[in-house]
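If you scroll down you'll find the structure; I have some questions about it.
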């Protein structure tokens, strides 16, 4: 099999999975098996792509040429492979989790859920392997559209409103700003291809560059840079596996990934650094980091708190990209991975708590550590990883990013990172502490016979999934080298 | 009006002249002003006059609505059909030269035929519309 | 027979129309109408092929050499328009067979098909001819039959809508014929190619400029450019479903063609864009049309009316492309003629399916239809996304060229307006989508999936608006060639 | 002499047009319309366009008056009082008229033998018609042969009119469907 065809299969595998899901809609067990098989297959395929790319290849596959000169082309490069690896691996984990969650919670429309989940993954693969801006845009939009039925899964008035905000912001930014930026780029350069070192160098200068970069950064609404972050908290009405998809597997990651990709392959790190065009955006990112954390502190609802935490964490990646150095881009790329594992752990736990104990607020979680020890241990691991405590994955990417700010001589930005870490501690750690070290209010009184200290854990599928995610946080710490090696070619190309 | 003697007799006398005039206008179109269009209108006017005087039913017994309707469609078919024939004879559409050995004769035949088509359609359409209005008025009151 | 292609293009429906009127059987008339429509498309495609290989195709009717007689003259531009009309006709006509049987009285149906075929004849005749007076004659054929077709709507307001269209349409036609008359007085010719040669000598005269003005107003009335669009929303909202789908996808498109042909070929692009400042006149109107009509569409509760207002806005896009006065802009215009025909056709046909089942397209009546009529509503979603301009749909392709054209001229605000209007389109499309998919079904059990006779044609257009969004190479190439033909006078 | 006749006819024409606009009795309107057509026919004759005059007399003054009367029998004789003053239409008409007048100022003089209309294709018609077609009335040869296709189109226009009227009037008594505002309510009732 040629490596180009491999890329085609990254799209086909989830689509075939979707077809199987639709066909097997009457038999839930078979349907979920199809989901699992598809996700497993996809991961294997992406691994093959990884092997090809780490061997120095750049597989390429042209799919169509809708408009003369503008094609839909897939091409694997390190950043994309990294994103695809994360997304495809977490799809497996999330599917496991979904089985437990959706059944435990007796959700309706489960077929639709699995179906659109598979579509969303296919779109994410397209984003990951996009060979040019147009392809990126196409799959980016498809991702927005295919996740819409997932966000509004409940079908209630609240869900509909959330869906409107979700789609409203994502499509407004992408059509209003991103498309404009793409058309502008095309008008300037006559191409939309991603090239190492960028395509704009020598063709754009002066004020055009920072404006164009701003259009991209804000146009990619999925990166949730303030003030365009509102869709992310709004989408919290969705079932937890969807939150996992949004926050860890695909959606926001597609956003920050796109920002990285545009920085590296459209502008070029060196060109950006020379033009100094991204300086103002580093401060936008810094503001988002701090404000997101501060808002998270004020939220009692667990999922809302996690959502704002995501807003804040995403801007780490944006900041990395805007620093326009190989260290920054590498750190940003790493952070996509580490944050994905950390955040998915946290969401899985939040969902498990909701399914089992029907608790959504942080203040209700006293004593949960005793009834749900596995879940809360995983939560602790996830939280520590997000905070950045070694030996957990989060510490590595944060370290790189901190190094990048210092390297750039930006003491202010380094301070932002430090402050943000402290804020992370402040809003995340109280939750496991409450759960483990304080007694539940009116313990056993209204919980009936199964209350008290009797263990009442999440469904087993959920437990497996969240344990894998938590272990991933640890394992990644030790495999960080591998990840960085994969990103090495970018750094090398940037002369860093 | 049906009871008015003078009108009845007058109409009876005038109608043949109107019809003849219509035919004159049609066939004399090659030499003087006129042609199928005017002839069709005049012919329709003749029958409208009769209908006003003798009543719609009387006229419709002679010229049933389905017939005038058919005329409306038929005229178009005659006109367009002439074109089809010239096309089948290997000339271009409405190339009357094809209709006879002498182009001039061909033109002559062609013009006569298409003018006939015009006459038939115009007569059919005008009479149909008149029937429709007059017929509804009778029913409404 | 291939030498006669241009005239066959018009002749087939023209002969079929009186035959339909003579028939008594609704079924036979339907079969004839469908057959004629399909033949039309076949001829149009053959013509396009011939134009692509051999260049301009000219046909002298009656054997009289132009400008003595009437000439049919087909180049890339009208070959393209003919294909658009033919495509829509051949998709809508089988749809018509099913939908009309529920909307029009049985014994009236043969006449209905006759009117439809006459309308088709008129539109094709306008597009194929190379003679300005002949344009007017066929304009009258298409207009008269269109008024009657619209009046056939099941609601009483269809009559007033048709009457209003008749009044405004007649004013438009009168303006056009005055313009043509003045041109004839100044040149002594009615042949388009001939006029294009003769007119530059009298460019400076007031008469020619006045003729230009009259023609412009007439065309804008016919193509429903804001603020001359007042006839359109009701006409589209109250006409029978199939008529709306047909008219919305063809009539205004042909009117745009007339405008392009007269102003760019006959008067010539240099005169239009230079002396008459056509681009600067049309630009503000187009922008206002796009924005204001999209906003009005957002407020509508009758979905057919909503789509009708959206059509007025989309005409704004078409005219905007023209007012960019460049090959890119005109490519966008010509592309959008085709693309908008596809998507609006699909949308109106989907609404026809809804009318067929529940008799209303009030937005509240559509609650829960996403589940009750999944294929119908899926087609609506596809058409709607295309209207918004989501990539991989045809809507994106034309918008892309529009934006590129605007950027090429450095008109940033224009590009921004185009994008903003896309978002407005998103709002009005999404209102319907959300109602259909997110609200529970409240009606009686009448809302079941539409019959295949309606669904299949609807999906042909819906699928086409995806297909030509993914594989737009051929359409773009054709449109661009046609745009070059129109702009040939300016040397670019 | 011709000038005087022309002026008289035009004056009458203008007066008739004004009366047409002012009069509210539709019966009178129809009659005035007939008069208007007759006067125009007269004017066409003065301008040597006999064929046009003939058609105008037959159609405008003749059959259409009859058809108008037929329509009047259906709708009654009095025009409804307009609800508001037609300021905008009046302005539009005034502007249109002014534009037309402006446009005619560069028009070649009436009857000038040097006019383009008399030369370009008209020369061919006048000189070659008898050879190519062989009938004395050039108007007919133009209408039926040189531009016969237009005539066919016009015949089709007339036919289209009949189709339209038949569709609208042929014995229809259809039940009016519910208006859009009532539709959902009606659906909910059932």
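Chains here go by letter, A, B, C and D, matching the order in which they are written, and residues are numbered from 1 within each.
In this text, a residue touches a chain if its C-beta (ideal position, glycine included) is under 8 Å from a C-beta of that chain, and two chains touch if they have at least 3 such contacts.
The structure displayed is predicted, hence computed values, not measured ones.
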| item | value |
| --- | --- |
| Third chains touching both chain C and chain A | none |
| Chain located farthest away, centre of chain A as origin (C-alpha) | B |
| Chain nearest the overall Cα centroid | C |
| Approximate Å spacing (C-alpha centroids) for the pair chain B, chain D | 20 |
| Chain A and chain B: spacing of chain centres that average the CA atoms, whole Å | 80 |
| Whole-Å separation of chain centres (CA-atom averages), chain C against chain D | 28 |
| Rounded Å distance, chain B centre to chain C centre (Cα mean) | 36 |
| Residues within chain A bordering two or more other chains | none |
| Set of chain B residues in contact with two or more other chains | 69, 72-73, 76, 80, 83, 93-94, 96 |
| Per-residue multi-chain contacts in chain C, two or more chains | 14, 17-18, 21, 61-62, 114 |
| Pairwise touch network: line, ring, star, complete, or other | other |
| Which pairs of chains touch, using the document's own definition | A-C, B-C, B-D, C-D |
| Chain C-facing residues of chain B, complex | 69-70, 72-74, 76-77, 80-81, 83-84, 87, 91-97 |
| Residues of chain D defined as touching chain C within the complex | 99-100, 102-108, 115-122, 124-125, 145-150, 153-154, 156-157, 159-161, 163-164, 166-168, 170, 172, 174, 176-181, 183-184, 187-188, 190 |
| Chain B residues within the chain D interface of the complex | 25, 29-35, 37-38, 41-42, 44-45, 48, 52, 69, 72-73, 75-76, 79-80, 83, 93-94, 96, 103-104, 107-108, 110-111, 114-115, 117-118, 121-122, 124-126, 128-130, 132-134, 136-137, 140-141 |
| Residue ranges of chain D in contact with chain B within the complex | 50-51, 53-55, 58-59, 62-63, 66-67, 70-71, 73-74, 132-137, 139-141, 143-145, 148-149, 151-152, 154-156, 158-159, 161-162, 165-166, 169-170 |
| Parts of chain C lying in touch with chain D, wherever the complex brings them together | 14, 17-18, 21, 61-62, 64, 67-70, 105, 107-108, 111-112, 114-115, 118, 121-122, 125, 131, 133-134, 137-138, 140-141, 144-145, 147-148, 151-152, 154-157, 178, 182, 184-190, 194, 198, 205-211, 213-214, 301-302, 358-362, 364-365, 442-444 |
